[in-house]
Structures are given as structure tokens and as C-alpha cells.
Amino acid sequence: MGTFLASVVSVAFHGTALGMILYVISVGLSVTMGLMGFVNLAHGVFAMAGGYVLTTAISRFGVPFPLALALAFLLVAAGSVILERLLYSRLYTAGDLQQVLFTIGLIFIAVAVARFIFGTLQQPVVLPDYLKGQYAFLGRDFPTYRVFIIAFSGLLVGLLWFGVERTRWGAMVRAAVDNRAMAQSVGIDTRRLFTLTFALGSGLAGLGGGLGAEIIAIQPTYPFENLVYFLVVVAVGGLGSLRGPFVAALLIGIADTACKYWLPEFGAFPIYVATIGLLLWRPAGLFGRRA
Amino acid sequence: MSGKAIGLKAEVAHAGGYSADPRIRWVEFLPWIVAIAAFFALPEYLSLGARILIYILYALSLDLIVGYAGIVTLGHSAYFGLGAYVAGILAAKAGLHDPFAQLAAAAAAGAILGLATGVIILRTKTLTLLMLTLAITSVLLEIANKATALTGGADGLAGVIVAPVLGLFKFDIFGKTAYLYCLLVLLLGWWLVRKLIYSPFGTSLTGVRENSLRMHAIGAPVYWRLVLVYTLSATIAGVAGGLITQTNQFVGLNVLSFESAGELLVMLILGGVGRIYGAFVGPVVYLIAQDLLAKQFPEYWYFGIGTMLVLVVMFARGGILGIFDSILAKLRRTP
Amino acid sequence: MSAASKNTVLETRALCKSFGALTVAAGINFRLEPGARHALIGPNGAGKTTFVNMLTGVLAPSSGRIVLGGEDITAMGQANRVKRGLGRTFQINALFRRLAVLDNVALAVAERRGVAPRMLRAASTHADVRAESMELLATLGLAGDAGVRILDLPYGKQRLVEIAIALGLKPRVLLLDEPAAGVPSLESHRILEVLDKLPEHIAILIIEHDMDLVFRFAKRITVLVQGEVLVEGPPEEIAHDRRVHQVYLGEQRHV
């Protein structure tokens, strides 16, 4: 009984860490989709890029961890602005098929580039000493880094939600997600708004990718392999919603960890089945707006 | 009004409709002539040839839903893969050796899965639909990976025995029988798809793609039409999957991979979506290019494909046939 | 109430619709007689298009009943309402833009005739569908444009195709949502001509802002304000009704 409880706590803990990472990465996708209706399947590329920035900065250039995290965010955000201005913005009025094909093209390019520069192996994650080891809490030991992931992600989430609720930028995002045409007629510069929001979402994805490099391995096939997870988080949480994907990410993180721990023969099978079932019941997601 | 088709003043990109002449034009015989010529002229390339023919059939099935019904999916490999595995398992484990029976089983499997998944996913929209198609494929991939006793897991399933076609034509190592066999199945598939596209049903699909709101407002049962075409498409994809297993006498996990679903979409967009012959041109160009280039420069291959996709979407949405059309239109305009 | 119902082809009883705290329809009682020429007017945001959306089944009412030809259709889906003779046009053109005019109309005709689900014979061999479509186009003066893509048509003709599609359904009730909207005034007389020539047995409800058109066309007018019926009656009464004047005070009366 004691060991069962111990494993439940362990699953909940590790599941929460995974869930937080999934949310930090996917929230940008949800807002982008809700804001511009753009199907950006290449979102995982930003997460992967952040992961490569972080691991390379630490391993090759000896950059301290906090700075490397900041770099992951900033470089990916900057890169995304360039991509958005040059390429993405031309396709806002294009059909779904064009957007899907374009972003798949981006994935192919990114995967090839990553393979070329970094090789096919997973990137090793070198943690700073103060984040290694175990953290004792209520008589149990938890890996310090995972505790850090949960705490830091929680902080990011809090900042994000505060920002969306209280700042002018946040108000504009909410208005534009609700009704783009109206927002434009009220004088909101939706183009600039979108570039800014896209950069923020992509930067967060990069940060999440770097932060979670230990949990979701950084390798060239990252955007393919994890695409389903990001999409599931957004679809189950509800497009354009901020809180929905949070709940969804936690549910999926914990469920995935639980399944891999207790039912390893089934792999990710139960997750997909559960997702399909849930979307049958609620096609717009748990917190989605009416379709 | 005579019985002949009304000449359209502006070119319409898609075949079909109430003004279209359904009779086979002479230029439509070209692919078959080329295919038969290749059989005699390029005997060393027949296995590549068979692969191309199979992918043309596979691309046709995808075009039905992407190009005609307007459903954007990344999970078509689920039906292809299921057909491939069903044919393989029945051949290797259940002693079903007759090729047509294997194909029939693959078709049935595709149809059943297509119907079951179609009724679910066609209730949803864009991103959710896309995600569900990926999820379904992932489920199948997991099953194929784990059920090693049946599927051979990551090693794949060998020992696929295919009896001679009609008891007479053995599958030889030169791939001659395989090539002609695939050509025959493709002919049948093409004929069915073409009939469908020119039919009132096909026209109503175009209507759904162009303006689904309007289709509802004229009393069309849009959902059930989509389920029907989705099921038909999955059936054809299943047959294509069966063919792959039969010609390789092997089936592995790659039939279900995301990359292969992405590649099919690339082939289709390369040739031109929503026009029957795009599904012919695309695989030919892609697979030949892949055969020539990918082996030499594998890292550059995906880079090239990705770049090509981006360029096509930006500048040449109609694919190769679309470019062809614009050139023809320009030629017609110059006096 | 029930005695009057015998002579109505479309009726709503206490139709209500709210989105959360926002009420867009508050107990609308409405009757349409066979062969009616009825206009629905009201300021922007009065809920006219919402009303039509509820009639056609695009939107489900929060409460109330809709009765078509004596049959309760409140819970019925769009397709079934169309089969029972309810047709509509859209305020913003909902056409098949890359298809030719003939195909646009033929799609509707084929649905009505049950030809649409057929998979074996080519569409163009269905001479009955084509003949009927061409006839319909001819009555609207569009026969010469049969092979032209919608994209290549001037906006006024596109509006006419919008009506043609609805007529292809041979409706007994036709809901026209601002048929003259966006049509330059030089061309709007065409629309009016078409409206005048519509078959007499069809009950027509027209939503319009163009008051010239409304007063020339309608025999009965309902004024909708903030989801409620303000007043209903023949045009002369409405034109002199003080409440209607108040509602429209400051609003443009002619497009």
C-alpha cells in the first residue's frame, strides 16, 4: 500500500512536470490559432530550436544556465519574428491546406538543418550543480531539476496569465481572438499585435523546449514526434483559450506518465483513445468556444 | 441546347460539373501509353515503376478527400498501413495466398476503418480534425509496434506469400508481373475515381469544398456525403497498401509513419491538387527524383522537399499541372 | 389563433433566443401566408438575420416553436427544412465562386430532384437537371452567363445567382436576406424586376434596408426592434406609425 501511494505521488509529480512543459510549449500555438486562425504545425520547430540553443550554449560555450534559458527565449522569439514577417504573414488569408503544407515544409527544412548541424543523436543535457540531485520534501526525495521545472513554469504561467488579464496587450489579444474584424475596426493594429504575440508564443515554446530538454529529448525528429502531443493539448484545451490548454496539458502529462509507468505494453495508446473519446464528447475542447 | 458540353469561358481548375464533357479525351490515354512503353523500354526499373503506380493510386485516394471534398488530413497512411498489414498478415499467418483475395481483404479493412474513423472525425474542424487523423495513425503505429507476434514489430513482417495471379502469372524477381498487376489495379481504381468525380455526387463534393454553408442551405446532407467519400477513399488507400505488401512481399512500420503521410501530401501538391492527373504527375516526379537524388544526398533531400513545399505554396499553388495550365493560357493569349 | 393558422404557411410562436445575458429574440410571434409579400425591417442589430437563421435551422432557438405548413420543424435540421420547401438567400453572397453559374444553380436543382447522390452516370448527362437550370437562368436573364465563373461576374449578377439557387429548390417559402445589399443603385432595378416576377404562390419574406424597395414590394411589413416585434401591418400604416419614425430617427431611410 505504501509503495502504491509512493508511485502515485511519483507519477503525479513527474506527470505535472511533463504537463507544465507541454503547456509552456503549446500555449503559443493555442493563442496563435485563436488569434489568426493559422494552423502552425511547425510550432514544435520553435521548441526544438530552443532546446538546441540551450544545450549548445551550455555544452559548447559554457554559458551559465539562467543566461542560456534567456537566450533560448530571445533567440527563438527573434527568429520567429523574421519567419513571420517574411513568410507566415503572406499566408494568413490562404486556405487551410496551404497553411498545413507550408508548415510541414518548414518542419522538413528544420529537421534537415538540425540533422546537418547537430547529427541524429539526442542532445545531452548538462545541468548546473545547484539544480542536480534530490530535493527532500515531506520525507520523500524528488529530483531537484523537476521541482525547478514545475516552479519556474508555474512562475511563467502566472506571469503570462497576469499579462493577458491586466495589460493593454492582453486586452487587445483577447479582443482580437474574440472577433478579429471588430478589433480591427476599433483601431487595433492586428498585424503588429500578431507579430508580437507570435514572437511571445514562439519564444515561450523555445524556452519550454530548452527547459524540458531532459523530459522531451532534443533530436532532429522532435517536431514530428511531438506534434501530436502539442496538437492534443490545444485541441482538448480549446483553441484560443489560455486556461483550457493548461488543464489539458496537466491531464495529458499525468495520464501519459501514468500509462507509461503502469501499462508500458500499451505505450501511448490509451492517451490517443482518451483524446478521441473526449473530443467526441466535446468537439470544441474542454474550454473551447462554441464551434 | 445541344447535348454537348457548354464551353466554359474561363478555365475551371477542377474536372466535373454539370457542364463538363465526361468523355475521355485523347490526352488522357497518355499516362497509360507511357506506362506500357516503360514496361518494354525500362525493364531494369520495373520495381520503381510498380512503386510509382501504387503511389499514384494512393495519391488518387487522397485527392478525393483533400482536393475534392476539401478535408485536410495527415492520417491517410492509417488506411494504407492497415491495408498493407492486413494483406501481409493474412498472407503470412493465415494462409491466404490468392492476390485478389488479399486485395479484397485490404479493401475491406480500409473501408471498415475509414467508416469508423470518418464518422468521428468529420464532426470536427480543421485543427481538431488534423490532430485526430494524426492520433488515429499513432494508435495504429503503436499497435503495429507492440503486437510483434502478428506484425513482426519493428522488424517488420516477412514471409508474405503471394500466389500467381489467376494461377498463371508468377510474381517474378524482375518485377514484370508485379508491374502489370499494379497497372491493372490502378486502371480500375482510376476508372472508378474518374466516374465518381464526374458524377453528381462528385460535383456535390466540390460544392462542399467551395462553400459548405451553401450546401447545407440547399438541403445537402453534407456530413453523410463526406463520410461516404472518406470511406471510399480509405478503401482505395487500403488497396494501395495491399499492393505495396504484395510487391515487396514484406510490410514494415514505415507504411504508417508520419513522414510517409507527409510525403504523399507533397507528391499530391507537387502534381496539383484537385485534378485527377495531379495524382499521376506528382508521384512520378517525386519518386524518380528521390531515386536519383536521395541516395546520393540524403540530408539534402528533406531540405529540398521542405523548400519545394514552401515555394509551391507561395508561388505555384496548382503544382506542376498548374504551372502547365498558366503556360498554356499564356500561349493561347498571344496572337 | 388556430383559425388563423390554417391560412399560414410559416409561423413562429414565442420564439426566443439568448446568448448568455444577451437577448436577440424575445417572444417573436410571426405569421406568413401563402403567396405573401412580407418585409422585415428594423435598425441594425435588431435581430433580423438571427431570426432568419433560426427559421432555416442554422441557429437553434432558446425557446418557442417554428411551424412550416402545419408541421413543427423546431427541432429539424437544415436539410430537412429545405426538403419541406424552405429556401433562403444570404446577405453576403454564399456562392460557389470558382464554379460556373450553371453549376451553382444545378447543384440546388440536383439536390431537390434527388440526383445529387448518384455516382455512376456523369453529371452532365442528366439533361433534366441542366434543362431546368437553364430555364431558371433564362427567367432571370442570366442564360448568356451560364458558363461564366462567379468570380468573373459583376456583383449585381452575382446577387441574382444567389436568388436563382434558392429558386432552384422550388421553395414554398423564400427568405431573402437583403437581396439588394451592395448592389449599385443602377443595377438594383434588376433585382426589383426579378422580385416582381417571382411565382405568386411562393410566400416571400424579405429583409431589407432599402425602403424604396420595401414599400414597392411588400404588402405587409413587420418592424423588429431589439429582438421584439414593434408593430406589424400594411405599408401605409407602417409609414405613418410614430413609433417607427422614432426608431428610425437619425437613421438613413434610403440606401
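Order as written gives the chain letters A, B and C; numbering starts at 1 within each chain.
Basically, a residue touches a chain if its C-beta (ideal position, glycine included) is under 8 Å from a C-beta of that chain, and two chains touch if they have at least 3 such contacts.
If you're wondering where the values come from, they're calculated on a predicted model, not measured in any experiment.
Shared contact partners of subunit B and subunit C are absent. Distances between chain centres, each the mean of the C-alpha atoms, put A farthest from subunit C.
Subunit B and subunit C have Cα centroids separated by 42 Å.
Mean C-alpha position of subunit A lies 47 Å from that of subunit C.
Our note on geometry: subunit A versus subunit B, Cα centroid distance of 33 Å, whole angstroms. Of all residues in subunit B, those touching subunit A in their complex are 66, 70, 72, 74, 120, 123-128, 130-132, 134-136, 138-139, 142-143, 145-146, 258-259, 262, 265-266, 269, 273, 299-303, 305-310, 312-314, 317. If you check the complex, the residues on subunit A that touch subunit B are 33, 39, 41, 87, 90-91, 94, 96-98, 100-102, 104-113, 115-116, 224, 227-228, 231-232, 234-235, 239, 265-269, 272-273, 275-276, 279-280, 283, 285, 291.
The residues of subunit C lying in touch with subunit B in their complex are 56, 58, 78-83, 87-88, 90, 94-100, 102-103, 106-108, 110-112, 115-127, 129-131, 133-134, 146-149, 151-152, 165, 168-169. Against subunit C, in their complex, subunit B makes its touches with residues 1, 3, 5-10, 12-14, 16-22, 195-196, 198-204, 206-207, 210-211, 213-221, 225.
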